[in-house]
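Two complexes are shown next, each including subunit A; its partner changes from subunit B in the first to subunit C in the second.
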Partner chain A sequence: MLKNKDRYLSVILISPSIIAVLIFIYGFIGWSARVSLSNWKGLNPDYSWAGLKNYIALFSDPRFHIDVRNTLIFTGVFVVGSMVLGFLTAVMLDQGLKGEGIFRSIFLFPMAISYIVTGVIWRWLMNPAAGTRMSGLNLLFSSLHLDFLVNKWYTTPTWGMAAIAMTAIWQMSGYTMALYLAGLRAIPHELREAAQIDGASEIQIYRHIILPLLTPVSLSALIILGHTSLKVFDLIIAVSGKQLPLDVPAIYMWQTTFDGLFYGRGAAISILLLISVAVLIIPYIRYTLKEEAKQ
Partner chain B sequence: MIKKLSLKKNWLYIPLIALAIFYLLPMYVLLVTGFKSFAEIDLKTMWTLPQGIAFDNYIEAYAKLSPSLFNSFKMVIPAALISSMLGSLNGFILAKWKFRGADIIFPFILFGMFIPYQSIIIPLVQFMNAAGLTGLPGLAMAHIIYGIPITTLTFRNYYASLPQELLEAAKIDGADMLGIYRHILLPISIPSFVVVLIWQFTSAWNDFLFAVILTNNTEWPITVALNNMAGSQIISWNVQMAGSLLAALPTLLVYIFLGRYFLRGLLAGSLKG
Partner chain C sequence: MNKKLWYVLMAVLVIGSTLLAACGAAPAEEAPAAPAEGEIATDAEVTGKVGIVLPTKDEPRWVQDEARFQEALEAAGYDVEILFSQGDSAKERANVEDLITKGIQVLIITPQDGAAAAAAAEAAHDAGVKVISYDRLVLGTEAVDYYVTFDSVAVGEAQAQYLVDKAEGEGNPLYLYAGAASDNNAFLFFEGAWNVLQPKIADGTFVIENSSEAEAVADKAELTRDEMAAVIGQITTNWDFNTAKSLAEANLTATTAEQKGDVFILAPNDGTARAIADAFAADGDVTSYVVTGQDAEKASIQYIIDGKQSMTVLKDVRTLVADAISAAVAFLEGNTPPETQTYNNGVFDVPAKPSAVVTVDKSNVQEAVIDSGYWPAEDFTGVEEAAAPEASETTEATEVEVFSWWTGGGEAAGLDAMIEVFNKEYPNVDFINAAVAGGAGTNARAVLATRLQAGDPPDSWQGHAGQELIGTYVAGGQIEALNDLYDAEGWLDVMPETLIPLISDENGNIYSVPVNIHRANVMWYNPAILEANGVAIPTTMDEWFAAMDTLQAAGITPLALGEQWTQLHLFETVLLSSLGSEGYDGLWDGSTDWASPEVTTALNNFAKVLTYANSDAASLSWQDAAQLVVNGDAAFNVMGDWAAGYYLELGLTANEDYGWTPVPGTDGVFQFLSDSFTLAVGAPHPEGAEAWLKVAGSKAGQEAFNPVKGSICARTDCDPELFGEYLQSAMQDWSTDTVSGSLTHGVVANDSWKSEIDTALGLFLIDQNVEGFQSSLVAACASSGPCQ
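The block that comes next holds the complex of A and B.
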């Protein structure tokens, strides 16, 4: 009897959260999808059926092409940069050096700061002004006689996105380091010792033993970083405002919806974003829960 | 042998220190700029140390940003508290008091953690306006609801790691579900509460998208106010730098004093608990 009563109680207690998730996540996604199939443009909602018109318009929209290119550049630089830097710092910190804790704290602290703060600071560090108005990192490089490093940062044509990605690496590589460090600490010491006794060099041990064992960590890092970069928004707004050369889907969506009142197209962009994130995340959730059930 | 090994590895300090400089460079500029007097401010001398300690920039930035700092606190504290309590209750049920279908529901809750919020923002604005939930209460509510996935996950993973015998013994003693939750699980959940509170505090404090869309200029939280300050031509860069430090300070202090818990929240965000 008691058991049954408790079973009902558990359903009752969790239902507000489940209902909230159902409405505010799945209901709203459905609602957005419906808006994306409508002609809604203007202050008043208009749900007249437009079919796939908004999506088709996006595929031939030059601005959306720029967005896709920018997202690819950003994702490439950001994901590869964060993973390489995160892995290397984790390996270095795993050597039992003195002061490890201090370095770890320094590498991780940007995670506590908002993208807006990061963006505002880096916007001044990456000031592209030249000649007598030179400042920020360019000024530093120039006074250290490293003039070949002076560049136009986020105002560089085509590759300006890479400069934004660098600030994102500054912010997120510590996170990747933390993931790898947790993974490294979980590898039993005997494995390395056995390989050492067999005469394997340090580099061989990392390449043939440690790196393969860290595959699940690399996968997590890849997916977390990858889906973050698809959503990048605040950071770009804070560095450069809304400039077309640094446009991404999230900014296009925001501008076309809330500045341009073109809700139908804005919703279509948001649904495309959602699909691209879901393609990464759904298999990841399934894989993680399956692994968990095995244990 | 050990000594030889550590001597061999000392060269690692070179790349480590170089990287530390990369991470700390923005903080260096932030701090030296903040403590310069207005007379010393010049983009040409951005990298030099201040001649004395002045607070001009902080006073000016605080005068401009203090209303939005308070707005952020007003919204973030209730949001963090309520979403932690919800997460704890949900986590308990999903880990230790499963009903039929619980394992099917869980991945659907998890997915909510990763969605781009652009895909729900149009309905959210429509809904909040229709419900009259605009401004800070609406923003706090958004953080609570969209925080359910991560808070539930963190608590579920923690409760799932506790032995089932703990509950069985209490059941034999006649405790019911709520009794077990209140008297056995809640008292040992403090570390998880710290992790989740910090996580929710940090992400709500740092959020920009919900804030910029759900609040107007009298209720702007700090991220929106700072971004607008940085976008204006009137306010000079040194005041922006001081403002950035003010905006970052609460979460930085949490990180400095409770870093270990912060890290655990971070790892939970990758589903790895």
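The block that comes next holds the complex of A and C.
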């Protein structure tokens, strides 16, 4: 237990940030929640009570269905892709090859770029034009006689979102790699040696020793990637602008609020986004804290 | 332990809630339209032929008239042939007969000799040709249908009125001068002046100082020819400035100091006015003088700017040409031109409506002489100083913040040009350009919406005329009505009648100042592709489909299309084409049912049009799509006329690299959009905002802005000479076509409705379900349109 004096001091030191957080985070979350329950449409605030009308309308809104589907596709491809790719590159780097530092840097570099830049570069690389106007990756594939790889990328119906997820994988797999590499380095060598002495194959070692020990790392990666993907916005805007086939909740929220002045609906979308992120994150926090408590 | 849990939770929620502050930059959509120039194929039918006979090619005046007639009549779609008499009445007669055999329906003639031309006029009249006597009257025949002229009496009246307006109190010394006693015009000028001056002489306002003959008849309102001759004989200048100068000096010698002081001088024209003014300025007893003039000669304009001559009367020959043309057009269309006055030619009274003359003094010299293009500004010194002091008297030093999304290309350059005009006229108002880039204004509008809610409006902001303005800002009570400004500036006379209702509420309050007009329903095509495939320019939906079938069979992409908003743009033009302008307009006021079978047909047409488009539309900007046409990768592209500016930027040649036509089925309809500026409720600098709006609505402001931006003026009196050929033709169409508004660009639907339609379109692009599309459109009208 802290001494009383120290306690007061800590409260005083921390209070400005607590107050700021209370106002600017929770205050506005509360305000958004209130707006989401109102009929506000147009430039002037209208807080008249609408109940859950905005939410109910969203659940039967075909555009919102597309948003949810797109988010699921994006999240699935992005999270799985980043984790698999990140893990594999981490394992390779962990073999102690020469120039590891250079490779590590190369894999990490994309993370230093903003999503907007990534989006603009990939918009060009994934140019879906065919025939004489072909360019970017399609032109590369075509000139390498890999024509089966030529495709419409992000303009593919239904699965176009996966192409966008690919660009996100390009950007974030290096980060996942770094997480896994740190995890791998933290595993005591003795454990591997013991397993080898017991006659386990490399695959068995990874399957039964290393992967279980990496569970906390995997969980962290999952949470970080998962919540990024739920709120993805800038990457999509940079690649394709505001077009429905690649719509996600964040873009719908922006468009309906600022272009269409449906403030109530926009607020409802933002609250749903908050809830979905919270559903993902809160159990993880509880779990982490419990683990720490055990130790 | 619990405490720790809370801190961590908070930290995590901080991260989680950053999604509330989603941010990013959208790629530019509707980008800069640069100055557009080019040629347009006139689609008006040639319905008549006009013959014109002018006196001589040796005087520049008539050569200028030739060019003006030629250009204006051809632009209006008429055949025109112009011949010169070269000072020879016999040649004049031969010219007229030549024109008659060529089948003219109207003859415009300026006789070399009024009496000698009678025979030619009769020959024309007998052949059923309407005869318009231009600037000089054909005498001694009834074969004259109309007379176009300046009213010499009105010139004299304008001169005298100016003196009367400047005079205060009683006993003002008045000096009269006239032209040559041998010239009938001198009599007409003096008659006009006497009409106005005589009552003011009778009531003692003026005292005549230099003419005993005039004093003798001072109580007579109307003078006989002989009385007038006596007066003019005493005060004649003979139209000669040496004579004028010595007469003025003689008068000044003969009068006493008491008869001088603040004097008023009627001088008949500019040359004599300068001579007389010099004489009066040199006299020590003259403390100030007001002197009239006539003809707006360059030297006199400089005198006016320098304050040495008070006024002149401008008889703009271009007005005369324009009046002659409208008389000719009236005859061609089987109407009679307006008649306000008659002129006796010795046989009968010829009907006429004298062309307007303009009084020019220091306060309007910039506008009337320089801005109107009568004389170029560089011929004078001190022009700005002449106009500036008046402006700065009315405004305190302040600032104005103007919000727009004009940040690149021709748009930004146009805004800069208008700001330059503003800075000249209001040097003590600081202009703050609060333009926000990106997304065809969608980013700017998001910023604006936030500022409005925070109660921090810019003084004036850009809004599309129409429902974007009325259904959004006016409905939100965010902008002020501007009726007083419209009255004060006389804008109701110069803004198109079709435009005013779109920027007014149902009570007739006008809410913004439009600066430009763009056309949305333009189809751009590649002339080489069409020719190679034997495809004619389609004028109906069916012809368009047939043309696109042919092209598709030949392996050419028929239609270039870009990202979603360009598809919404295409959609509105197809709606217009399928429903006609009346049916289309009805969609927005509720008189056309969105669920009707006509709309179903329109949607099916749209679905069919989409099948001809390039497959990678979603990845192309509007510029990319427009470029496909000129690169030969596609045949057609539907885009607003800012595409002309883009093509110009690319250095392409009109009617070679690209051509244009109204979207098939929309010929004769001008689907427009217009940018306008507003006055914020609670504007921090209302005086500055008003000054800005005055410039935005002024001829000078719009003539500076539009040629650069690549649009036409919202005002109807901009000088077509300043614009390229495409824009000149757009000005022509704008004045004759039926007008409908654009959906994509904010005219017909408010922001909410438009965004719902955009969503419905997006869903349709995914599922291609026409029935579902139509029911979403019906629902959108019910939720945000007039269909509640």
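We take it that the second predicted complex is superposed on the first by the 284 of 295 C-alpha atoms of A that agree within 3 Å, B and C clash if a C-alpha of one lies under 4 Å from a C-alpha of the other, contacts with A are read in each partner's own complex, and residues count from 1 in each chain.
Everything that follows uses one rule, which is that contacts are C-beta pairs under 8 Å (C-beta built on N, C-alpha and C of every residue); 3 or more make two chains touch, one makes a residue touch a chain.
Everything numeric here is computed off the predicted structure, so don't read it as measured data.
By the touch criterion defined above, A:227 lies against subunit B and subunit C together after alignment on the C-alpha atoms of chain A. Contacts of A:103 after superposition: subunit B is touched, whereas subunit C is not reached.
In the superposition on chain A, contact of A:19 is made with neither subunit B nor subunit C. In the superposed model, B is the one of subunit B and subunit C that contacts more residues of subunit A.
Legend: residue contacts after superposition of the two complexes on their common chain; A:285 is shown touching both subunit B and subunit C. In the superposition on chain A, A:237 makes contact with both subunit B and subunit C.
Contacts of A:262 after superposition: subunit C is touched, whereas subunit B is not reached. When the two complexes are overlaid on their common chain A, residue A:133 makes contact with subunit B and with subunit C alike. Shared-chain residue A:170: touches subunit B; no touch with subunit C.
By the touch criterion defined above, A:219 reaches neither subunit B nor subunit C. Comparing the two interfaces of subunit A, the one with subunit B and the one with subunit C have residues 18, 21, 25-26, 28-29, 32, 45, 115-116, 123, 127, 133, 227, 230-231, 233-234, 237-238, 241, 250, 253-254, 258, 270, 273-274, 277-278, 281-282, 285, 288-289 in common.
Residues 2, 5-7, 9-11, 13-14, 16-18, 20-21, 24-29, 31-32, 35, 45, 85, 88-89, 92-93, 95-97, 103, 105-125, 127, 133, 135-136, 139-140, 143, 170, 174-175, 178-179, 182, 220-221, 224, 227, 230-231, 233-234, 237-238, 241, 250, 253-254, 257-258, 263, 266-267, 269-271, 273-274, 277-278, 281-282, 284-286, 288-289 of subunit A are the ones that touch subunit B when the two sit in their complex. Within the complex formed with subunit A, the residues of subunit C that make contact are 1, 4-5, 8-10, 12-20, 22-27, 29, 442, 445-446, 449, 452-453, 472-473, 475-478, 563-565, 615-616, 618-619, 633, 751-752, 754-756, 758-759, 762-763, 765-766.
Note for the complex: subunit A touches subunit C at residues 18, 21, 25-26, 28-29, 32, 41-45, 62-63, 66, 115-116, 123, 127-130, 132-133, 152, 154-155, 157, 227, 230-231, 233-234, 237-238, 240-245, 247, 250, 253-256, 258-262, 270, 273-274, 277-278, 281-282, 285, 288-289, 293.
Of all residues in subunit B, only 6, 9-10, 12-13, 15-16, 19-20, 22-26, 29-30, 43-44, 46-47, 86, 89-90, 93-94, 97-99, 105-112, 114-116, 118-124, 126-127, 145-146, 148-149, 152, 176-178, 202, 205-209, 213, 223, 226-227, 230-231, 237, 240-241, 243-244, 247-248, 251-252, 254-256, 259, 262-263, 266-267, 269-272 touch subunit A in the complex they form.
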